Amino acid sequence: MKRVGVFLCWCGSNIAGTVDVGKVAEQARRLPGVVHVEENKYTCSEPGQAAIVKAIKDQRLDRVVVASCSPRLHEATFRRTVESAGLNPYFFEMANVREHCSWIHTDKETATPKAFDLVRMAVAKALRNEALTRGSITIEKRALVIGAGIAGIQAALDIADAGHEVILLEREPTIGGRMAQLDKTFPTLDCSQCILTPKMVDAAKHPNITLYTWSELEKVAGYIGNFTVTIRRKARGVDETLCTGCGVCQSKCPVKVPSEFDEGMGMRKAIYSPFPQAVPNRPVMDRANCTFFKTGKCKICERFCEAKAIRFDQEDSLIEVKVGAIVTATGFDLFKVEKYGEYGYGLYPDVINSLQFERLVNASGPTDGKIKKPSDHEIPKSVAFVLCVGSRDEQKGTTYCSRACCMYSIKHAIQFRDKVKDGRAYVFYMDIRTPGKSYEEFYKRAAVDYGVEFIRGRPSKIFSRNGKLVLKAEDTLLGRPIEVEVEMVVLAPAMLARNDAAKIAQTMSISYDGYGFLNEAHPKLRPVETNTAGIFLAGVCQGPKDIPDTVAQASAAASKVIGLLSHEQMATEPMIARVSEALCSGCLWCKPICPYQAIEAKTITEKIQGKVVSREVAAVNSGLCQGCGACTVACRDGAMNISGFTNDQLLAEVDELLGASRPACAAE
Amino acid sequence: MAQSPVPKATRLVKKAGLGAWLTALAADNNVMAPVTVDGKPLFRWIGAGEVGQLDLAAVHTVNSPKGGVMPQTEPMLTYSAVQDGSGGKTLDIKPAAEDRPAVLFGVRPCDAAAIDLVGKVYLTGEFTDEQYQARRDRTTVVAIACAAPAKACFCTSFDLSPGAVRGADVVLYGRSGPGSVAEGDAYYAIAYTERGEAFLGGAAAKAAGVSDLPAGEADKLEKIVAAFRGLATPLGKKLGKVDVADKLESLFESAYWEKVSSRCLSCATCTFVCPTCYCFGVADTGAGGQGVRFRYWDFCKSPQFMLMAGGHDPRPAKKNRTRQRFLHKLNYHHNRCGEYLCVGCGRCVESCPVGLHLPLVVSDVRGLQP
Amino acid sequence: MATSQEPVIVGFLCNWCSYAGADSAGTGRMVQPTNVRIIRVPCSGRVNPRFILRAFQRGADGVLVSGCHPNDCHYSTGNFFARRRLLLLKRYLEYLGIEPARFETHWVSASEGQKWAEVVRSMAERVKALGPSPKLPSLL
Amino acid sequence: MPKSLALDPKKMKEAEAALRTQAAKLLSEGTVTVFLGHEEGWDGLPVPFFATTPEEAKRLVWNPLVAFNLAKYLLDRLTGEEKVGIVVNGCGSLALDRLLKDRRFPRERLFVVGIPCTGLLDPDKVLALPDEARQAALEGGKAEPGLFLKRCGWCDAPNPVVADVVLGEKVPEEAGPQQYPRVEEIEKMSPAERAAHFKTLYEKCIRCFACRNVCPACSCRECSLDQWEPLWLGKATVPSEQLMYHFIRAFDVAGRCIRCGECERVCSVGVPLMELNDKLMKDITELFGVQRPHVPADVEPLGQWTEGDADLEAAH
Amino acid sequence: MSGQSVRYSYYPGCSLHSTAREYNVSVRAVAQAAGVELVEVPDWNCCGATSAHATDPFLAFALPARVLLQAEESGLDILAPCAACYGRLMTAKEEAHRRPDLVARFEKAIGRKLGPAPRILNVLEFLAEPKVTETIAAGLKRPLTDLKVAPYYGCLLVRPSKVTHFDDAERPTSMDKILASVGATPVDFPGKTECCGASLGISRVDLVVELSGRIVQQAKHAGAEAIAVACPLCQTNLDGRQGTAAAKLGEAFGLPIYYITELVALALGVAPGRLGLGKHLTNSLALLRQKKLA
């Protein structure tokens, strides 16, 4: 007879506030197989876990049920606890009475019986839990980093420095990402390019790093330790091996289009490198704008290319790489400030966004670092910086704070005051948020040393009057409406998830939140892992953050990858499909259903009525099987099962829930 | 044939009164009777509202009335976990609730005999099945003599007849003798047991207009009963008296079993329609510390019937299982109890989808070389 | 048995999307009716129609299967198989006399706590309106 | 699809002679060691018969009453090496094909004798006829449509789809979408009426499993419904379990049922089992465009999907 | 004019039957010119603007809901030219989805079921309907060439945007486009969506004078010769407060305030005399004569 221990967690008042834990305990004592019931304030705490270990030993428990939070949170924790007491970790089962009960109900009268139901079901399942053993798989000692902004570069360098191969993927022509567009970084005001470009060069030259720019993620198959990734190398129009990066092609190209890198503040050619320090220093051909592709004539670039590297007929190619781990560092998009009709972006040329300002103030930017108004190329004498355009605005933008805008707008104001000594800088803000090392000091310096004028109020309207831009707002500190006249306005847009974040997430089978930011496995305890083992997150793709945080997260993700790749083998989850050969009729209808091609026919020999006969049965490749269970439904014999989610276990849960004792707790 | 049974009471009941009788009986008894559902005659428990479906025309219901004393599924006990005084738990076990008294009405003489025959298994020897005993003790069997035996009938191949009394408390004989009972006609209702006597004198019988025999009909009655008992059965005539018990002693290893069993479907049709098959299995059903233990009909033709934990099966093939079924009926039981475990109802003949039945085996066995 | 109490809806939720979505609803304290009892399965493709038949047999007032959105399956195709099987099953159940509102299938992602809460609320309402599920005689 | 049913006893007689010759030849030449066919049973009805010698082959019959599908008997011979001969008509070959597609018997151990079919009569109904009418039906071919097996009414595969040799000429086929009038009638009922309908007709079941054992789509080594762990099906014969047995089984053979109707025919208590099988087949055709699988596809209807499958969520 | 007539349910509300009769006239004139039939909602009632909606949430729902119910039978889309009426109807439509409690109380009170609400059009949406745009495109009888008009949207047509789902609440352009389509020159000005003071005109005249005055002032400074409106109360405030505002802001305006429908009707050839332009307080005929449009 199995001996089940049931541990009911109060989770402080999180559970006990809505569920009468004592009553559930009293009822649970009656359940078949249950020999021990115990309540804990916090079962996941050290004493809570110790109590489990003690009870396993004292009560000779062979099954453990914890009724607490979601198994997605603490199942692994408790499995380790149970294992430390010498029990097979898969003898553990969990009832989710917090997320699925106490947190979503308010009435103790109905929440308590429901909690008991959940406990009963878990006990019924636990009674059928079997000892499972983890298998092992060989790890492909190579990592893929998707996105070569500062996060991707940092992660790639860290992993490569640890001695592992890295494939660094970037869809733009150059690595560098958003940071390459920036001028200076807060709060130290060191030059963004000066600290970034050496890293870009390091990444390009590192013997362990293979760089694929102008390339996109096509498909991800496989699983932790054994991913097979398909990469689309977009046609560059240039033979990278022949090209010397001399730049003649771009200087000769007759086509001029607004530069994406300069956020439309400057122009580029139809064959171009986004900026002089681009890595690799190889141009790409923009076929949509190229005269040859539009009209069939031109080819000037080809004529001038001494290296004979121009390739008009180049096509996209697909390559397949095997990697053991993936770091996703796909970055962010900016909120389209046009959505604020009242701010006149697009109507008034001198209303620009912050990234455009970065390009204006950047020494290598289109104005050589001179802050000039787009309308008349005059230097503005007054600039207003408007914060939270799209951030913290449920009506038009997003609910969250974009975290970096306060700081970079203060930086912008300082830069403006630095360059235009007699200029006036206004910052319109809701709250100034400076939670970072030396951030608050930076803010103080802006106000005190640079005379930046901070106005607490969100402009309700920007309009033009007598050639000036007027910001209408309420100064909420003074409690009265104001109008401020300036020559230029800089809007600080919210940071958004990439518009194709969902697609990226689906390609990799990882989850994303309502905004499109990729989900970490746990917001506090597993911040760089995803719910798909072997895939990690770095940078703003996970949520808005500034450069220091991004780099820290990138190194964290890298260390996770290094840890993973430092092993030759890794343990695999045993909760995968298995075949009862005795029951299997060998029809193999399970085979076409398996998404991992993990099922094959296998010939077995056995004695049937005294005769040795051989017959075919289905066999599961434990390295390939991921445990989805689709095959089990196709199996009429009932021969196919998923360990940990067997037919017997799932039916037991249904039966227990709906069986004779359903009203047991409710009836009282 | 055994000595003629002695009537304890004789009454007359009009055919038109049967409905009222059953309705009155249903008030205090569980009543089982032949009814027709969607074209198929079946023996079923009927409520007062279903009396109108009574159908005595078919000689054979598809199933036999054995479920009246051996329900196909019968709760044996219920259990529930309760807390004991010391915070632990203990099992509270209760025997299954007792049913009301039962009347099996319109039972054919073969089926009535089968009840008696099977009863010997459950009630004699070292063990008595108390639950079966209790059920028998509260059951009255009202048989009806067969006016026109069916094509597959062969009760006469044993010590039985269309007018036999064995196992019945009361037998109804058509007043006009073998042949159909017309509307307006009546039955002689003859009690052969004390229970039957009481039954005919009971309130329900009175309500149904069960009356004393008109004076001077005793002679006629005797003749008519004799006519029923002397009636031949079509298959019985063909088969003659079953006489293979001894011969089968030497045929255990015969190749015949392999041959005859090869077309068996391994289904339970023969077993479940047979009035004399009595094997059962026991199972529990329950959840959350409460449940029911029950027994249910099992069948020896099933590949699971003898399968043991660990996978060993003493009767691994259809050959073994088919042999078992027929040897049980024709040899083993005969050796133990001195009679065949068959009453010649002919249901296996009618129901087996592949024509594999007892008369066939009897006739084949006669032709086999020992 | 089911008559005297709140209807019970058995929910089969895939571990990766819907179970996590229900967790999200919990984390977000999105108050829901107490009718649903969740059984965790690896994938909606793991849900054998027999489980659903069993639940109705045992007197469930409703059954709810929820998985990842089509094309979002953690196992890439499990929910497509589920969709086909359950679509057929839904019509079958209806044919067997089980009101259509008693069986629903939804796609709820890990982030859609709000949607999950709404699914629970609306289904509970519909099932309540139907009253208890008819249960055939059984030993229990 | 109401079919014009016309029995041809003369043709069958010829086929019978050819069958005996063919089977005797196969047995004498050692091509097969056993030949699966029918012989005349005790009461004159054909019963399944397994001839092992040329002599026995003479007992083989082929007449309007050979209703029984023989394919399932192959499972009994699964473990040997012997080669097996079998006679099939159209529907018999569908059953055979079902087993082959389910990999339940190796094609190379089979020798299939096919006979094109002009329709079969329901043995129970024929047996109940007065002698003259019976004679007229069996020998003269004069049979009312009601006397035929139900499956003949919707048959669109009178010619064997699997055969090594075909005896007799091909019969013209009447193709057309399958019709399901019985299902449509039930669909018109209210949910409560349907529930009552199935309860009344299905609780009659005595759980003899004849329907399963005869079904060519049910060929598991050990039926999951017989297993104890998990207990897919309770052992108690209560309405809840009786109905569940049939509901589960029908869904298990959904898309695999060949519409032979043998389950319904062998049921001793007359449970109209095809009401479930037909409903599922009808829906599979409607929902997924898969027709009754004459030659079952290499992938089952429920073992595949398309992006275009109806969105379940929207179905509510 | 091509095609057969199209029908709309028409909900004039109290203003168009009283203070804003000329608005009613011009809406109907445009409709007639476009071959559109307006079917007045039978037995309509107050939309609940201002008094009801500020005091009683149920009444605020029930009044417009009843209007919707009355209109339901015709099965037609509803045109509500008054911006306040439009706002109330749209709010009721939105609440009917969100507040089953209100619906239930309403249905109980009125003894009828509330069906799904029809499409509700404000006057700018109406002027963008195919029939009207086709008519305009088919040829203007009197294009408003050289007429510089500031489109003034006020608040209720575009706000709250989650109720109205109409245009960009902060930078609307629908009226600009209509003006351009009839040959006028739309003048962008910062006051487009500012508040005119609305019904505070009764209790806080000083505020209304300032608010309305600034709007007129901004329009004038932006180079407008006239202002187009789509709301009776906006028209009243901008039109009637110009005198007082001039004194307060130290600047004379004299900007005629037209209903957008008046301008469209003029362009479609409706005689100015038929439009009741004389009802406006600021002379609105002089400008037209000056531009040879009247």
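A, B, C, D and E label the chains in the order they appear, each numbered from 1.
FYI, a residue touches a chain if its C-beta (ideal position, glycine included) is under 8 Å from a C-beta of that chain, and two chains touch if they have at least 3 such contacts.
The shown structure was predicted, so the numbers you read here are calculated from the model rather than taken from an experiment.
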Remark   = Overlap of the chain D and chain E neighbour lists contains A
Note = The chains touching both chain C and chain D are A, B
Maximum centroid distance from chain C, chain identifier (CA atoms) = E
Ask   = Among all chains, which one's averaged Cα position is nearest the averaged Cα position of every protein chain shown?
value = C
Ask   = Measuring centre to centre with C-alpha atoms, which chain is farthest from chain D?
value = E
Task = Sort out for me whether A-D or B-C is joined by the greater number of C-beta contact pairs.
result = A-D
Remark   = Expressed in whole Å, how far the mean CA point of chain A lies from that of chain E is 48
Geometric centre distance via CA averages, chain B-chain A, whole Å = 72
Message = How many angstrom lie between the centres of chain A and chain C, each centre taken as the mean Cα position?
response = 29
Key: Contacts with two or more other chains, residues of chain B listed in rising order   = 73, 285-287, 291, 294
Ask   = Mind pulling the chain A residues that touch 2 or more other chains?
value = 582, 593, 609, 647, 651, 655, 658-660, 662
Request  = Provide the list of chain C residues touching at least two other chains, using ranges where the numbers run on.
outcome  = 49, 54, 77, 81, 85, 139-140
Key: Interchain contacts (touch definition) - all pairs   = A-B, A-C, A-D, A-E, B-C, B-D, C-D
Ask   = Which residues of chain B touch chain C in their complex?
value = 73, 75, 285-287, 291-292, 294
Ask   = Taking the complex as given, what residues does chain B use to touch chain D?
value = 37-40, 42, 62-63, 72-73, 259, 262-263, 265-269, 271-273, 281, 283, 285, 294, 296-297, 299, 302-304, 318, 349, 351, 353-357, 359-360, 363
Interfacial residue positions of chain C with respect to chain B in the complex = 139-140
Query = Considering the complex alone, what residue numbers of chain D touch chain C?
reply = 183, 186-187, 191-199, 203, 232, 234, 236, 238-241, 243-244, 247-248, 251, 254, 279-280, 283-284, 287-288, 301-305, 307, 309-313, 315-316
Ask   = What residues on chain E touch chain A, complex-wise?
value = 161-162, 168-172, 188-190, 193, 221
